[in-house]
Amino acid sequence: MVRNWKEYLLPYHQTVDELLVKLNSLKQQFAICDQHNPIQTVTGRVKSVPSIKEKMRRRYISPDRLSQDMEDIAGVRIICPLIDDVYFLVDLLRQRTDMKVVEERDYIKHQKASGYRSYHMVFNYTVQTIHGPRSLLFEIQLRTMAMDFWSTVDHALHYKHEGKFPVELEKKLQDTARVSFDLDESMSKIKHALMRIKNKK
Amino acid sequence: MVRNWKEYLLPYHQTVDELLVKLNSLKQQFAICDQHNPIQTVTGRVKSVPSIKEKMRRRYISPDRLSQDMEDIAGVRIICPLIDDVYFLVDLLRQRTDMKVVEERDYIKHQKASGYRSYHMVFNYTVQTIHGPRSLLFEIQLRTMAMDFWSTVDHALHYKHEGKFPVELEKKLQDTARVSFDLDESMSKIKHALMRIKNKK
Amino acid sequence: MVRNWKEYLLPYHQTVDELLVKLNSLKQQFAICDQHNPIQTVTGRVKSVPSIKEKMRRRYISPDRLSQDMEDIAGVRIICPLIDDVYFLVDLLRQRTDMKVVEERDYIKHQKASGYRSYHMVFNYTVQTIHGPRSLLFEIQLRTMAMDFWSTVDHALHYKHEGKFPVELEKKLQDTARVSFDLDESMSKIKHALMRIKNKK
Amino acid sequence: MVRNWKEYLLPYHQTVDELLVKLNSLKQQFAICDQHNPIQTVTGRVKSVPSIKEKMRRRYISPDRLSQDMEDIAGVRIICPLIDDVYFLVDLLRQRTDMKVVEERDYIKHQKASGYRSYHMVFNYTVQTIHGPRSLLFEIQLRTMAMDFWSTVDHALHYKHEGKFPVELEKKLQDTARVSFDLDESMSKIKHALMRIKNKK
């Protein structure tokens, strides 16, 4: 087992700190260039030790496989106004030379049964420690504001309610997932209609 | 007219910096106390000089009345998961002894014609400068994630589209405002149903 | 004894965070006003739990007297170029309306036997928590860069050397304290000579 | 000439922001590993536009050679307790894989006529912009606290005193440079004496 969690997680904290600066800098560049800003907010966190342990049990991850098999110990979330923005950023992230895509999962086109939607990317990244360079994995989740709204409230409701979640309420929650999905669609349609008008001129 | 904008805006920047630390500290306290967190994100900004000038013209604000009549030169936005959270925070903010409520406007109960919803509070606040204490006004806008989604996309679409906005698209945007309003309502209903189940036990 | 240290120290962390923003804002104001900047750096820290416990034992502080009797749980340090800057800032801090001086100790005019010099101020400060306003004590230490150099190296040397410190080296360290004191004096003399030349013109 | 300075300097601001996070992370690693910390403070700045223009004139740098010939548009300063710490960090920086040394100048062994001492390193660094990767130069200055004290006060005195600096005061300033150099030497001697005692045991 990991003996000193504080030391073990240090490079992951470093990774999240560096990514927050790097991705917020992208946001600022879009703002200054006076384009539409595809980035609304960037947040990050290192998984807590209890959550890591719980996930190791659930997924049968052995301690010596932890850094290879748990890809979201360091995690960053990018919230975008619209769905187009998500795919635009996915492309931009793929072209970076300071992090390398290892895996992608598109839970927007293939949403989970619960109603959850997001685009997940796993990257390989190198931090410089006092003992030299060190490579590790981290995850970026990209989602629209409507997806983020739904999953935040979904999480808050399930979290508050220990024990079994009533079936009829679970169903109502899935209805709201569908409605927020429709909102993204409607907004995109309005945006594309506007772009057609603009291009005609 | 204001001669040195950089110097004029300095206490407003100081105000926003202090408020971001203070309100993010509230968020962190809720997180540690393991309660439902009514605060999702806190952001802040000082109005840009062109925006200040434009608003002075539009609202007929004379330079010598600027600091009294423009209440949102320093502005902070608090995004909450649910509507209940907004009113809970409004109450908490009213009880603070480091800022004093000067005005409140409830654009949630009384939404604007455009579909815009938010709760606005104006406060009096004192910063300590190198020339002694200085009082000024600032504004806090509180809204749910669904309201924030709508107004962000609404802003992005209008911003992109210089010139007249087509009537049928404006109508569709108002439909989306209604849908996102319904989303807040549905989520609140699920939450209250859960609380009734909990209290019965 | 304190049951939950994380919760107990939360308002102290909040205090340090707010003070760092407030005092760095002073530094920035001096920089923009293009005056001589009396502030070189501002740093802050909350005392670690082991250090708090060790000091409670050493000073016979009972748990129920902790918040009144230990004044430096939250601590901020201001480093100034010259001695005049220290006293100028002491005066400025006394005039603030957001913190109230409770005690002052001038270890510059009355240096400790070890050679240590600094100006200590204890303040009463109110933070706003999710349970309402809360008053507490914090300490500001002001010192020149030369004083800071000496006490940092003094600390590093003693820290590295567990066990008894050889008498002849202790003596040499006190020599360096005297030399760094003389450096402050010489720099002040040069500064005052320059000011006399300036005023003659 | 550069048309839009704000846009031109954006990647330099990004560089300084990333370096501050990276180098402060090193400092934190040393602190957690409970070793002697060779890093006291890390600061950074982007050169102001007036300073860039002034240096272009003074050094005959043409606008199209600006990014290659001015190496300190982005600059970071690392302050160390002792001289050994400076050379230890120089070595550590040389081994990083995220920045590449282009040039080194040792103004500690070869101090300037004015009394100025510091170790300068120029690096090549790549930032990721919204238009793809972009390479640029930046400078790190490493110095002890005693060197930093001297050069800060030296700068403040010259800055305050427009016009010719009186010869006898210039001489006294050079005396203080010598004294602060001796301080570094004395501290190093005490440290090495302590290490010899330790190793004998």
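Every chain is named by a letter (A, B, C and D) in the order it is written, and numbering of its residues begins at 1.
The rule we apply is simple: contacts are C-beta pairs under 8 Å (C-beta built on N, C-alpha and C of every residue); 3 or more make two chains touch, one makes a residue touch a chain.
Here the structure is a predicted model, which means the values were calculated and not measured.
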Shared interface numbering between chain D and chain A [over half = same, under half = different]: same
Averaged-CA centre spacing for the pair chain C and chain A, given as whole angstrom: 42
Averaged-CA centre spacing for the pair chain C and chain B, given as whole angstrom: 37
Chain centre separation (chain A, chain B; CA means) in Å: 25
Sequence positions of chain B contacting 2 or more other chains: none
Topology of the chain contact graph, where touching chains are joined (line, ring, star, complete, other): ring
Every chain pair meeting the contact rule: A-B, A-D, B-C, C-D
In the complex, chain A residues that touch chain B: 36-37, 40-41, 43, 81-82, 144-146, 148-149, 152-153, 156-157, 159-161, 166, 169, 172-173, 175-176, 179-180, 182-183, 186-187, 189-191, 193-194, 197-198
In the complex with chain B, residue positions of chain C that touch it: 6-7, 10, 14, 17-18, 21-22, 25-26, 28-30, 32-33, 92, 95-98, 126-130, 132-133
